[in-house]
Amino acid sequence: MGAPIEVSSGEQRAAPEAVLAGAAGRIEGRSLGQIAWMRLKRDKVAMAAGIMILVLIALALLAPVITRALGTSPNDFNSNLIDPVLSKPKGSFGGISLEHPLGIEPINGRDVLARVLYGARISLLIAFLATLLSVTLGVLLGVFAGYKGGWGDTVISRTMDVFLAFPLLLFAIALAGVIPSEAFGLSGNGLRIAVLVFIIGFFSWPYMGRIIRGQTLSLREREFIDAARSMGARTPHVLFRELLPNLVAPILVYSTLLIPTNILFEAALSFLGVGINPPTPSWGGMLNQAIDFYRVDPMFMIIPGAAIFLTVMAFNLLGDGLRDALDPRAR
Amino acid sequence: GNDSGSGGGSGSSGGGGSAEYNAASEGIVNKSDATGGTLKYVLSDAPDSMDPGDTYYAFNWNFTRLYARPLLTFKPAPGKAGLELSPDLAESLGEVSADGLTWTYKLKQGITYDDGTPVTSKDVKYAIARSNYTAELVNGPKYFAQYLDAGNYAGPYKDKNLDDFTGIQTPDDSTIVFKLKAPFSEFDFLVANPQSAPVPQAKDKGLQYQAAVASTGPYKMESHEVGKSLVLVKNDKWDPKTDENRKQLVDRIEVQFKVDANDIDQRLMNGQADVDLGGTGVQAQARATLLQDPNQKKNVDNPQTGFLRYAMLSTQVPPFDNADCRKAVLYAADHEAIQAAYGGSAGGDIATTALPPSVVGYEKADEYGFLQDKNGNPDKAKQALQACGKPGGFSTKIAVRGDRPKEVAAAEALQQSLSKVGIKTSIQQYPSGDWSAQFAGNPQFVHANGLGIQIAGWGADWPSGFGFLSQLVDGRAIKANGGNYNQMELNDPEVNALLDKGIQTKDETERNATWTQVDQKVMASGALLPFVYEKTILYRPENLTNVFVNPSYGMYDYSQLGTTKK
Amino acid sequence: MAAFIVRRLLAAVILLVVVSMMTFAIFFLVPRLAGMNSDQLALRYVGRGATAESIEATKERLHLDDPLPVQYGRFVQGIVVGDEFNYGPEVVKCPPPCFGYSFRNSQPVTALLIDRIPVTASLAFGAAILWLIGGVSVGVLSALRRGSVFDRAAMSTALAGVSLPIYFTGLLSLALFAYHWKLWPNGVNYVPFTTNPLDWAYNLILPWVTLAFLYAALYARLTRASMLETMNEDYIRTARAKGLRERTVVVRHGMRASLTPILTIFGLDVGLLLGGAVLTESTFSLPGLGQLVVDAVFGNDLPIVLGVVMVASVFVILANLIVDVLYATLDPRVRL
Amino acid sequence: MNRPVEEWASLVPMEDDAPTAFLDVRDLRIHFPTDDGLVKSVDGLSFTLERGRTLGIVGESGSGKSVTSLGILGLHKGQHARISGQVWLDGEELVGASPEHVRRLRGKKMAMIFQDPLSAMHPFYKVGDQIVEAYRVHNEVSKKQARKHAIDMLGRVGIPQPSERVDDYPHQFSGGMRQRAMIAMALSCDPELLIADEPTTALDVTVQAQILDLVRELQSEFNSAVMVITHDLGVVAELADDILVMYAGKAVEQGSARELFTAAEHPYTWGLLSSMPRLDRDRQDRLVPIAGSPPSLINVPEGCAFHPRCRFCELSAPRSLTEVPVMTETSPGHRVACHLEPAERRRLWAEEVQPLL
Amino acid sequence: MTISDVSPRPADAGAPRPPLLEVTGLTKHFPITRGVLRRQIGAVKAVDGIDFTVAAGETLGLVGESGCGKTTTGRMLTRLEEPTGGRIVFDGRDITHLSVARMRPLRRDVQMVFQDPYSSLNPRHTVGTIVGAPYRLQSVKTEHGTKRAVQDLLERVGLSPEHYNRYPHEFSGGQRQRIGIARALALRPKLIVADEPVSALDVSIQAQVINLLEDLQDEFGLTYVVIAHDLSVVRHISDRVAVMYLGHIVEIGPRQAVYEKPQHPYTSALLSAVPVPDVTRRDNRERIRLQGDPPSPIDPPPACPFHTRCWKAQEVCRTVTPPLVEFAPGQRAACHFPENAPDGPYEPGTDSIVAPAS
């Protein structure tokens, strides 16, 4: 009896509020990305790490400018500052002085600061490019394996097992050893960088692949995938429009965490002597040189070591922060 | 009084020079006949083989004498005398026929193996056959195969009948006759190689022979774990009367392989080890410690090793096909910076010739004034550039063995000095394993990749001009497929002719003068840029006795060492 | 279970074949692709006194002229039924599993492997015990005292730990502990356990600690995350609701569940390390599989490389299998 | 029937008053500070419960039902929860008591059945062992005895072949059996207070009916006090003697079950009653939903928390927008927190709401 | 007094119309593999030969206990799952095994509403993208552009057009379900399969969504297959009801008949198990209490699947599969001993649980 109560007017009165989904207060079309960014901004440690990374990148990019301003260069010898008999820098602490704030290299007296700065270029460049490669491979193959399942999944998963079962470093050494000096239209350091990027990226994609595959497996069970399929979406649409945006968070987080791993990988290769061509400096290469002097000139080991440490740490901190910020469960 | 010092260790070191910086380079330190004790050798690597017939390391040619006696050996003496040959298994130096094609040696009587079997000339013949004519023993040099007139001998492993080996004849058990294809005046040096140490055919196990070598020397193998360790003990069948070249002082010799180089230094200084078998000297870390501390410095020797460190300028790679362009590099090179790369003044003396001083035939010369202009002579370099038609400089590549830090550092130093005169270089690293086979030693590769400058080093197989230079500068020996050491591809008919002439010259003085000429010719070509005459920093533990550097090996003479430690 | 193991073993065999083929391809094929012919390959192994004849002979002896599949077939055959090797005057049998003979010094690879495995195993197991105890206990404590000073300090240290290259920490500790304070005045020198257990341990302490530090840092982070997650589970609430003591809740309920996945990662890590802790071994010059294989790689000693890679893969695969079986016994929900 | 409005607070005995009820919750507040703000999950909740009686707590998702029950058991400790107020259980105050003391009471004096029996049981331990564990913390008995007890309990809750199933793992049980096992575990120490948090939500109707029967039987057998938390009015109607309706962390109406179903006075309760289709009535043509969505517990609407969704909000404006209504007794044992005049409420119920049910 | 159906429903119009959807013998078996070679050793018989039809404009409710195959049926109807056997004829076309490409155009006509409002919307897409997706995927041009069409739809389901640029996480469960419904409506489908559209929602919100679904049906003349386990919801929304048990339809018929005069004992048991929010009748209800849980679909009981829990079961139930027989107009049940059949054995008392019609 009586007319049914008018529904719609009453319903619009209540403001649509997400129960604890985002922050309190006004929520004006804010994407999850913006929410994550807000959370990240509150994470002081992660922000500091992020700023440090930016500074580092700036330093690397501006290395020529900075060294010119300081009147040094990464390849200029300062033989006069080297003890001719002992081959180590004169003075204490690796020859630290006003002109050479981080000291000089044994044997030839090159400026360590300039070399560390130039080394950052190589380390970061290789790490970034290698990460890009492994992320691309890992995401493509991981998504494919996770979504398609069946034989494709089996083959890709087993391939990942094979890669993970490999003593990677060996292959890296072996491959780096057989690089011709010219190939693919590249030569010299360009080619070496390309090869190092390939080796590092190609061997670290399974880490990304596994994570993405796992995420895809669980996303595949989500109903919005079925929804897209039930509307007639083709596989590429499902993969790239529906799945991929949801993988951005893990991709971002694990890329950030992969970069430091790759920095260490590159350094390890250089450390083992299969890195970039001299005299181009790289951190691992500097450490490699430092082995011969670490007891008589410890500064020369500590400085590139510290550079690696700080950079890797900054990326790890940022990655941790990103993970917290992007974690849907985190509050 | 009795209260001073601990024990009378120093008392037993009767006679001989006392410990002083570089004392063992020129004289004998701690001369002593005291016996007993154990000597501990350590090596940072594993040797190619401990088989006297299958090794190409100077330290092993030195060391294997403890259990293998070749026909001749170098005199156990410091200084120039050490470069001379002394009869060992043979009664005297070789007798050469008039045509220079036959060399005859007589074996001493009464020499036996450690099991008491007498040594015969057949065993020497067999030893040379196995080391030079088999596919299995590949490590050692193949000079006998190169110079003996043996036809198509298949080697003892394929052809069990030793009589088919006609290059060597054994008319009786104590006579051995070598038949040559062409006269070879320095043949005595060839038989001073441990390859001429006898091997009983029955005991030969090929590649496994190194595990239990039949000993003729003062020591024999007690145990040998290949690649790990070796223990030698006294061989009571060794008769000192037949052997004026060796001593049998210590009771036991232990060798440990694959010890980290820095740890070796540490052990030497701590008294945990006595000799670095490799004889390549201490690492940078220890060097600084040793040279800074006067107490330690007196236990340091700084001998030349007989090695020349150099860069070769590839005469087939433009613009180095032009001699003036090569000379521009020679003039521009900063020798002091390069010397620093090799360890500074203690790592080597600046080199000015192709032959190192420890080699007969060396004559002092400095055509390019390396010693006056230690940091290079840019003016002359620019003149040379002008002359070669590249006044603004040019660019080229420096090839270097990536796993040799000193050579990489030298490449960097060279690169720096060249850049000052407008010669731009990029450094290419290659693994040393394939260096000569695939990269720098492979002309096709060198040409294709434009490797204008290659950095390497060389030591003589025997201390003569020929022993040093024949592999390096003989243009006729260049192999198209790789494996070359004449990486500058110098093929100067005059040089080739001088080499031929010299080796056929019987008169020693005349011969040695030929080597000097070769040296001058090579230097004049501008294709060889000598860096340093390498020196090592050897640590000489105080307990070692009879220590001196044998210049033939560039390290302590291992046949003489004793110890005061019991 | 049995079917599972059989299936996994079958898969393992396939995996090993793939791994060996890849290794083969990298070491045998890539040089050829890079333009090396068999003469040049042979030149690697003939030493300085190479002559045309010795190159020819070496090619023949090392079968460098055979097509790759034939070479691969010989390799597999060696593992399965054994091989024979020409030492010169005589031919010796190499019983299966025969990984061939070093191209460099003609030592049987199998013997070399057997010789090196104890070193690597000593290093790996010792470090593993240390890091498992250290990392897990720090991780658990951190999780339980989330946000406390201890947690912050531990996690900062752990972060530092994962950010430091092992060769850097290794060299630093060598410089400080071994040489500066002279705790190991002669450096680190491996002594077999059978020779002298005390020396064995004394010499391995530094590598153990260095390696364990890296992994402990990693495990502390993993454990903490896993523990935090577990302690939020409903069944932990149930355990508390039963009135269990907090200790029981943490240990019996929390740790049991959170450490099970850690244990599986642990198995895999140990498996990987057993195949050669390349950087640690080279930093401390320990004569383990890692050193062996690095030397072999630099020396182009392919049989050794292949041998170590195979052994390493077997370790990883075995570790995988053990971990899976273990997981199934620890977690009753997993059916094999 | 216009009784003077009395403040609910004055009805609550003061602290020094000895609590007479078996369970007496007074002004319980449980707040969680989060990055996004303070979550006031429970905000001034008071109620009592006697032995042998069943209290049903209803309310929609997020209204604080579970937080309340966990708060009574003292399970928020160490979770950064801010808890105030008092919980008296059998004459003992629990909020201020030592955690160790509360722990001893848990499982023995008060026990809980959780909503999702799969995630609430440890996946790695056998069902029997989990019951044994619960029994042995509070009873000094041998393992064997405890096991026998566990088998007994499993039999009591209707698990077939208990002596065999005792060695199964939770995942080997079906949903209904798991919930039975949970109940067996909760009852293993004869608790005097049993809290069942949505004990049947995860179950099918046929199994739900079995479980409800079981709870009823066990309660009459043990004479324990039972708190049933649910959002299904049907379940409450089956089990509860008294009903507490929660909205946004507060109680909005409380009374006997009969009263609430026949004479509800809070618009939110009306909404609940009228929005669900009922099998026991003729099929309505249209359902009458509650408009809008549940509120955020961080930004609880000012005034009456329900006002943005209340159909009758205008009738008591502007008070409902500014002033938080207090729980007031409208008839003996029946309290409501609403700004509408009691007479108005009864009129609306009779004219607008009841006919639609 | 009773409120009977006010608006005349097509189902009540009496005259049988051509079915929009016709399902015969529909079967889905999920293989179970085991052993070294992963041989198939059995199958989960999720759906085991079901037949039903849905007329245009009517609502078919599908009820049953968890795991009885409701969702699988729904997914087969929308061809998200490939049927193992049987036939699905939609609008006169056999769509049982249509290829993905051939199916695509047909998808306009069959849409789905999902159970979980939290997982059925892509959290990375805006509402506009989500609701506009069908247009884009099917390349449908709308008169005033997609945005306008989407905003109209949003308005129609009770959301504001301003919500166009917002993300799902900003909405409550009920609002999300509206978004899902708007998406399903976009292409004006003929058939909507709704899998538990309200079971994840709060009691207070359920009714909003149910009302909306009903309104839309009237407005657009939609046909629904509504899957639910809540019997009261199904009764409210459906014209006809099908009761499933262990992959079989055990009873199907007009709503009133099924609820008031159930033929299958399982239906009776289900109905009697529903807790009724009426304290007054708490103690004087007669209940049928089923024992135990449904058997596993891997190894279903032979013949009548319900015989293991049926209090009426006799030998024949264990040996002969009861066919789906029409006991009353439109009401069919698969039972040897139906409850309310005029000629079947009659057990008094069990029907008293249902309120008598007026």
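For clarity, chains are labelled A, B, C, D and E in written order, and residue numbers in each chain start from 1.
Operating definition for what follows: contacts are C-beta pairs under 8 Å (C-beta built on N, C-alpha and C of every residue); 3 or more make two chains touch, one makes a residue touch a chain.
Not measured: the values here are computed from a predicted model.
Engineer: Provide the labels of all chains in contact with subunit C and in contact with subunit E.
Structural biologist: Per touch definition, common to subunit C and subunit E: A, D.
Engineer: Pick the pair with more C-beta contacts: A-B or B-C?
Structural biologist: Most contacts of the two pairs: B-C.
Engineer: With chain centres taken as the means of their Cα atoms, state the distance from subunit A to subunit D in Å.
Structural biologist: Result: the chain centres lie 50 Å from each other.
Engineer: Just give me the whole-number Å value for how far the CA centre of subunit B lies from that of subunit D.
Structural biologist: That pair's centroid distance is 93 Å.
Engineer: How many angstrom between the C-alpha centroids of subunit C and subunit A?
Structural biologist: 25
Engineer: Could you work out how far the Cα centre of subunit A sits from that of subunit E, in whole Å?
Structural biologist: Taking the mean C-alpha position of each chain, the two centres sit 50 Å apart.
Engineer: Could you check subunit D for residues that touch two or more other chains and list them?
Structural biologist: Each of 285-286, 288-289, 291, 293-294 in subunit D touches at least two other chains.
Engineer: For subunit A, what residues touch not just one other chain but two or more?
Structural biologist: Only 1, 7, 11, 16-19, 22, 177, 294-295 qualify.
Engineer: Which residue numbers or ranges of subunit B touch two or more of the other chains?
Structural biologist: 403, 431, 433
Engineer: Inside the complex, what are the residues of subunit B that reach subunit C?
Structural biologist: 46, 48-49, 56, 130, 134-143, 145-146, 156-157, 204-209, 226-228, 258-260, 262-263, 266-267, 270, 272, 403, 431-434, 436-438, 442, 445, 479, 481-483, 485
Engineer: For a test of understanding, state which residues of subunit C touch subunit A in their complex under the given definition.
Structural biologist: It is residues 11, 14-15, 18-19, 22-23, 26-27, 30-31, 34-35, 159-160, 162-165, 167-168, 171-172, 174-175, 179-180, 272, 275-276, 278-279, 282, 293-294, 297-298, 305, 308-309, 312-313, 316-317, 320 of subunit C that touch subunit A.
Engineer: Of all residues in subunit A, which touch subunit B in the complex?
Structural biologist: 75-77, 79, 82-88, 106-108, 177, 181-182, 188-189, 273-274, 277-279, 288-289, 292-296
Engineer: Quick one: in the complex, what on subunit D touches subunit E?
Structural biologist: For this pair, the touching residues of subunit D are 60-61, 160, 174-177, 204-210, 212-213, 231-238, 257-258, 261-262, 271-291, 293-294.
Engineer: Using the touch rule from the top, collect the residues of subunit E that touch subunit D in their complex.
Structural biologist: Within the complex, subunit E touches subunit D at residues 2-7, 65-66, 172-175, 202-208, 210-211, 214, 229, 231-233, 235-236, 255, 259, 269-282, 287, 289-293, 354-355, 357-358.
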